[in-house]
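Take a look at the structure set out below.
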């Protein structure tokens, strides 16, 4: 994302906020609309209109709901409105190079000093890190307890002494994520969220919102355009075994398979809101990360196959179909099957929380 | 199998033995041919000629090689020739209802008494149990050690006091396996194979032969006729969406997929004998159970699909294609993906022994 | 996609929930799996080797008739309950979850087709079904083609009677049905007519099938004479085409029900069976496939309710949605069946374990009216035209 | 199936083993993965954003030429080594395992096609390749069709010269090749001719591609004049058809090699990386997919040697075997690539991790000359006729 794009999106979020389309269900004393159930309607309408996404996605989906649950009155007053308005961009600091899927294995240390904390450590996969003013930061305050040794902070990022943000290059050659280094960075104790040693509990609140297990209190727009149409269009203009791929039976079956999965995801979303058709309240919400990310991956892979020889081409090639979307989307799809708990971990969670099977770890 | 079929097969094995086609590589002092490398040629020739299978498959592939490694001179003299000749049929007693894939979890107890052992327990999945004179029996002689508490016996079955053989009905409604109950059955100590407490080691020898990890010392004939031809024939006479299934592109792709897997299995067997093309000596042999059983299962399932409405029919129905082979073969295929270590366990073994990954249990 | 006016709850409201919950309670009480096993699986040789008729609980069926389930799909104008597809689907899921041996599914499917006949001609037959008559479709040829026009039965007119000759194959629950809804070719027309199962000249040949929870037959029509009044349509192809989404959705609902039973039963087994000092479900080789079974079921089930809703709304997308539902339910059923046997291990391979009852019912339903691949081929013609 | 006289060891004897082992040792020393990374992946923006030519080690290529690898497939009569396919496949597996950026694969494939030209006409060109000239096939049209006749290049005769016009697309390693083996339409005939890459009128347009270990181009032929002696066949379709099994097998061998690297590298990672107090490989969600990757590779590899053997034996089944090998190798490559990224987790998604180098080379090879599904469609025409 360029700075120009960033500025455009910040401006867009501000306009939406001013129009009451963001933060609609947040209490008005913190800058929200003070309504109930408005946000979903706003999201639907924005999705239908195909509006840009909300740049402060981490702020809206993670920071704001977590601060609402665990924050002090001062913290709510200080952070929520700027987050809703896009004035302050947030990033997430839960991932570390050594921790992988084991989120409790945080090595970033926060040591008390005066009325603050000295932080040292290394966070990775921080999207928006280079634009962010704030980070939700999970750090270790005790080595004696794995889970109870964690504490949750709201850490300043941009321009903060001891904090360095560096871009991480993806396998596609594009950047998009960052790593954030803390070297003797000082964080005031007033920026600690909830008690010392309660970081794991707070982080679970954050992830509950992120995983769609609860309604987003902030709201992001952008139900994506169904990608089946894209596949069909690609198949019309691609050739396979001498015929347009759209006439090739194997391609046809594959596209219809994708269309069925797409319909399943769409109707899962609808059914999740009909309690009488949901035996277990978490069964559908907890599936959405796995099904959504694998759907995108399978689609992109199919697109590469349909493109055939043209699937080798990078986006800057003049002959790359759909501006090189398919191979890039295929590779980028691993970001989604890996991030926010790999799909292997997601399947553990589903097996354990929904089906009640024994814990695998 | 009827008694008539049994008698025919016993007679067949005897004739093959007399012709030198069975036990060719077994030392002549125990009744074998005393050759080296003859058995494989004999097997190939029998396979090419499509001869019946060797009824004493457990004797040839499991009991004989195990006795050759672990038996006393008397045991070798007593057991090997009758097993080769088909005079004495063997069955296997490694599976128990409570043990599942955890073979070391044997509950059948053998308690010493005089110069013998008193055995109580319950074995299942004993093929040929109702025809067998002998069983290779794994029993617990100590509760203090899981692995070192096991001892291996050569137990009499037919007509032996305290031993009851009962048929087990499969999901298809057919019988074919047995359960064998031991109730205060007495086994002479001379029928113990190797030392007390060494049962696990001996059983590993047996399974090494069964899993194809080593060359069968006994030899069974009957490389099966490639089943792809059967699928093609079925597709020629079945209809799908108004056309013969053989003209249906989805069916065609599926059959060709099966043909490729068939070729892979065939050529794996060939490559396994070319050391220069095998990085790890167990890599191909240990795969064969998984690939073979899943190949059969996938074929049978495809056959049911091709048969369409006719796939609902039992073998006695006049309209059942191929005498009702496909749905029965599909259900029976689970015998192979489950028995002799489920394919899940086989994948553990492959991951651990061949790839060197950490043990999963 | 659902039109923007489509009900958010698929039309599955209080009445539908009540019906489903009553069905669940009734079947839980009346047909626990032990009773099902005793009913249909007491003797493997009886059904398979000796070819005896499959057993079912006729007393239970009388109760079902009294509950009014046969009339659920019959329009109120014809004396039925005129229930929405969304509600019937909920009930059929329970039927599948209990693997109920009965002509209910067949009767519902026959009802859907009759509803598309000439209203005047069909009304009396629909009323009989609402009164408790069981019925089934006898519309399939010996090749097992699912296309509407493919019948081996031909008709000729004789005064005010119709004479039918030929054969209808793969007739579901033929042994239990009182009315056969039959297609027959008359010149260029394809008749849809009702033949009472005791009509003279009908020859029932019972198929030997694997599924223990239903029967299937091929029925010979040897100069079967019926009154012209029994002809409910002279354009059966159109009637079948209109009814077909409902038929597919009914079978898909049964599949979703059996698959859910397979999932829950295997999950229970994986919780309690221990291997290598852990419950089976500890192992990801067990846990993850069960999660994938669940994902498959949920995909099918959500599309199923969407399809039912499209039917109820008279939405043009009903056929697409219904074929998607059948495709997804067949594939989910195949995978659930597969893992239910495999993950039960040795015991799952035995007759004494209940999983085979559901495995076979599911397999039959996967094939019935076309499996996943078949549906996708027809979908491709619609979606990729 | 192999005929009964087929060699039991696929013809992979001592010479073949020696060649393979030498290749492995040479590439282990000359192109460890750190060196590969430094060579092709030092700067992502250079290749992708600025579109600079892909980098390769020309010094290493000189060594390879000195080792005689360009002449391996050239018949002894033309001054080459006349090596069996079985042996070349073994070497190419090592090339794939090291993701060697070089025109070797292209040169081998061009050689296979030239070998099927008129012997007298082809001999000189084959001799040049044996002497170290690199070559590539320029036979694909802009649609990316893999069928022999589909070319966008046309020829006309002018005296004892041939003039070529049009465009050849998806030319592999075009930047590195000295000779282009080109098809061109002349009336009803399809010519096969050799065009030196410095011929006047050739316009190279470099494709932007993802694979960092090769280059690809589309080549404009603007009135390119070559002597008639450069025409090696006037029936290029037959020559291509005969050579095609060897071409497919070469790409399949490269795929097997990259897949094996992906397997072993991911296994090593799974042995050492810890999660939840266990090495990753402890978890069946990691272990079982890796086993399935292995099974896929072994299937492809065994069919690969079978195909090579059929080629060497002049067996009629060579095309079938080769297409099976390419199908199996493409599918195994896709799955190995997929799991190599996924099971490396976050690090596998980064530029600094080597898995993307192999992922992209594999993806390119999966597509090249048709992926698994494409091969199966052509196989169906042969096997299910």
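Residue numbering begins at 1 within each chain, and the chains themselves are lettered A, B, C and D in the order written.
Everything below uses one rule, namely that a residue touches a chain if its C-beta (ideal position, glycine included) is under 8 Å from a C-beta of that chain, and two chains touch if they have at least 3 such contacts.
Fair warning: this is a prediction, and the values are worked out from it, not measured in the lab.
Colleague: Looking only at C-beta pairs in contact, point me to the busier pair out of C-D and B-C.
Modeller: B-C
Colleague: Farthest from chain C in C-alpha centre terms, which chain would that be?
Modeller: D
Colleague: Please compute the C-alpha centroid of chain C, do the same for chain D, then give the distance between them in whole Å.
Modeller: It comes to 52 Å between the two C-alpha centres.
Colleague: What is the distance in Å between the mean C-alpha positions of chain B and chain C?
Modeller: Here chain B and chain C have centroids separated by 40 Å.
Colleague: Hey, how far is the Cα centre of chain B from the one of chain D, in Å?
Modeller: 42
Colleague: Counting only residues that touch at least 2 other chains, which ones in chain D make the list?
Modeller: Where chain D meets two or more other chains at a single residue, that happens at 278, 283-286, 288, 373, 376-377.
Colleague: For chain A, give me the residues that contact two or more of the other chains.
Modeller: 249-250, 253, 344, 347-348, 360
Colleague: Spell out the part of chain C that touches chain B in their complex, as residue ranges.
Modeller: 44-45, 47-49, 51, 140, 142-147, 150, 169-170, 207-211, 216, 218, 273, 275-278, 283, 285-286, 334, 341-342, 345-353, 355-356, 359, 363-364, 367-368, 370-371, 373-374, 376-378
Colleague: Within the complex, which stretch of chain A touches chain D?
Modeller: 95, 97, 100-102, 124-125, 168-174, 239-242, 248, 250-251, 301, 304-305, 308-317, 319-320, 327, 331, 334-335, 337-339, 342-344, 347-348, 360-361
Colleague: Which of the residues in chain B end up touching chain D in this complex?
Modeller: Residues 226, 232, 235, 246, 249, 252-253, 255-257, 259-261, 263-268, 270-271, 273-274, 276-277, 283-284, 287, 290-291, 344, 347-348, 350-352, 354-360.
Colleague: What does chain B use to touch chain A in their complex?
Modeller: Listed in rising order, the residues of chain B that touch chain A are 249-250, 253.
Colleague: Any idea which chain D residues touch chain B in the complex?
Modeller: Residue positions touching the partner: 1-2, 8-10, 12, 16-17, 20, 90, 263, 267, 270-271, 278-279, 281-284, 286-288, 290-292, 294-295, 298-303, 305-306, 321, 324, 327-328, 373, 376-377, 379-380, 383-384.
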